[in-house]
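The letters A, B, C and D name the chains in turn, as written, and every chain counts its residues from 1.
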């Protein structure tokens, strides 16, 4: 896998729809993306004057018939990407990173809007395989900043994406996280969410010896392990390059 | 494209194309994107004698159309580098040029000696590391400290030495002269410019507070330094700083470089070096010139 | 807006607003665009002792999102400046700060003495002029030469002296210390960065070959120099280089400046200084802070 | 005049039409422009990411009911300005410079495409005053570079602008310049053209002691005499700032 070819070039935008500050985008799918799996990502940047230099890491949702991903509008990079219309091109580097490792059939997804792409990819893959997963989705306070729209509106749109492909889906504010987890009693967890959520989840899983995997995020430059920009600290004292993940054992990272 | 001879001689090492990676922005993993053998040389991230962690995150931010980085040269150290990293660059069809650095002259020389037996094409001396024997000021800021470091490395190896200068030096030509007088075979002009980037609350964006500015904003400055050095000295120069387009390559050649190193543009578009090599071949063909005709062509 | 007190003290001169023109980009003619009295000070183009033509055209080009200029400080000379130019800046409701320069220390001091009786608010020493007593290297590149020039000017006048530094210095903090030790009352940090811009045929775009880079590309570098000097010295600093937006003003304040000078942005949008003063007043009002609270607020 | 207020701000584009690589543009006309006259100019820049920093000097054609000017697409600045559409804004500084001084009633216009705006302003003003002028227009070789279009096509479009407002209009290649001038036998000349044309015109006028005025061009930054960027050499050895002209006595400048 890690020696597979990586595509680097412009791809035509086939579709782009924005709702509640989230954009779902599809591009032509070049052959290098065949076989890409949940957890893997691409770097995308708008070919527009004034766009940031660096591509933004975004999880791959599916690769056929079209290359599909979705992103929340967060800062300058995603803002200009959101302006790109069908017919224009986007610069793409990928597929990058490694997919989730083998997961239990009944692995529980824990996520929130900030990391929805990576976990939605997993939920969709399992749905297609006829194996719908359960998910816990942590919502934000209504007044949390979420760009132009309200956090509640954005969260509810993202929830609707999971609702279509999950079995049980529990939406809970952060203080209900443990209760929601107790309700399901997971044997294994696949998670990606903001650090506050992850710190509580890590403690919960550790207390109950539940194994799991965490999809990490960090700002990136090269996406392939060359620049050492995308580091996250581990509890061992080491650091890892997120782009060489982005999935790590749930008990490994420091969630500050 | 391959019909055009783009080869240049950089301080004793023949490069099949005058485009090489800027250390710290490239790795063997780029071989998944393009054939590494098309590059003039393969230049891994700077290696330091001992393992070291580098700076905490955040390590990079965009500013003024360029990047500001404070990676802090994390390194696996020489042993692990030679055992685990270097093999991944071998047999790719391009010479390996290892970027080496240290914070003391004796350690610098020992590292260079150690690397000498590894079948490299050249050793690049990253002289921008804080020099602990001179109050933490980078070697390349000062002609005497540069001379000391390069001379010690010269004594330690028979390989070509490429000396990477700093645009923060007040007298870059003096530093260049010192590097050449001490036995440097070529100069890389140059590393990043010390810079500060703040967030909306006035706090540094990088954990290390300051960092090094690279990309488009430094090009006019590094181009001027190349021009000054090329007017004063007869030494092969690798232009580095903000190379992203064919025009940038031609500019560095016109100013006196015989090759360019590409960093920021590789981060932003990984295949940039390949596109530049193709575009340069095309330019030479269309204009009926050899690549060496482009060096200081209007001076 | 006028409800907010934006005044700052820059080395003995009180400015009603911490925004002043960068010399060479502003003239009394801007009074046709906005009331000059709204500015912190009025700063004409650098005056030299004798009439001189400056460099041939072309004198300016755009590069890397900034400008590269080689005007060469044309001057009508002191006599004509005092007789014909200075009167046009008088009685506008803002203090006049005359930027002065010379290529020898005695001429520098004589010029400053001559300007002392002209009712100025301060004299700005442009230390980036080639110093003919030190091989043509600008005074501001070297702590000793800076000390010599500033000390002589100090002895020649009782007016506040603002010393304008150069980002081309290898040790800017040492130069800053020398300027202050010699009696400088404030520092302007800083002038342009030496740069080269070439055309499609590899020829210099400017008649003088090299020029000074200004605007957005130099901001992260000058901001770092302000930060270094403010950490080392207690002296009022005017941040200069790439100021175009409120964020730029806040950044220079956070790094340690108590005022900013605006050049390139004035060329591109002449009312920039007024917009910045309004935006700063608005920011202070909205955030319930005084302008002096913004200086090094996150350090 | 020289103390009159100058406008500095964004103006809405009311119309923009491109033909043969020449754009005729109209903007809202702010009060500061009232009374602006031929020879005066403005600095215009596109409010678009990636546009050059500095405004480009363009001659004012008319100021009411709309602010009107026309420009050839030459380099980066005019290229991006040509992309601006009605409804967008353009940044404008002006009016700048000084108008033509008093001219004889039968002053002869000599121009070419490179300087057409300044002289077209004069021709239009006289046409409105019911005093049509004669003009000599120097055409370029057909294969001269003129951006995307051919020089012949561009010249003929610009000629049509003069044709509508001039009395006699002679189009001639450079080598017919003196013959065309002889045909008219001007008592006074108002000229603006490329340096090659102007050098020959200057020699012609000098030999015959014909007085005249030359509209100069040079790249500009401030437009008001502050930056000393826009200099042109005079035969006296002095230099002048074009923005403090742009009109100078025909016998003064060096036309290299």
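By definition in this document, a residue touches a chain if its C-beta (ideal position, glycine included) is under 8 Å from a C-beta of that chain, and two chains touch if they have at least 3 such contacts.
The chain lineup, named per UniProt: A, D = FAD-binding FR-type domain-containing protein; B, C = Dihydroorotate dehydrogenase.
Owing to the predicted nature of the structure, the values given are computational and were not obtained by experimental measurement.
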Neighbouring chains common to chain C and chain D, by label: none
Chain whose average C-alpha position is farthest from chain C's own: A
Whole-Å gap separating chain A and chain C, where each centre is the average of the chain's CA atoms: 49
CA centroid of chain A to CA centroid of chain D, Å: 57
Cα-centroid distance, chain B relative to chain C, in whole angstrom: 34
Multi-partner residues of chain B (each touching 2 or more other chains): 65-66
Arrangement of touching chains [line / ring / star / complete / other]: ring
Pairs of chains, among all present, that meet the touch criterion: A-B, A-D, B-C, C-D
Complex contacts: residues of chain A adjacent to chain D: 48-50
Interface residues, chain A side, partner chain B - complex: 3-6, 8-9, 45, 52-55, 91, 93, 218-219, 221-222, 224-229, 231-233, 239
Partner chain A, residues of chain B touching it in the complex: 24-27, 29-30, 32-34, 45, 53-54, 56-60, 62, 65-67, 69, 71, 74, 215, 264, 266-271
Interface residues, chain C side, partner chain B - complex: 63-66, 68, 141-142, 168-171, 193-198, 200-204, 209-210, 213, 216-221, 223-224, 227, 242, 247, 250-251, 253-255, 294, 297-298
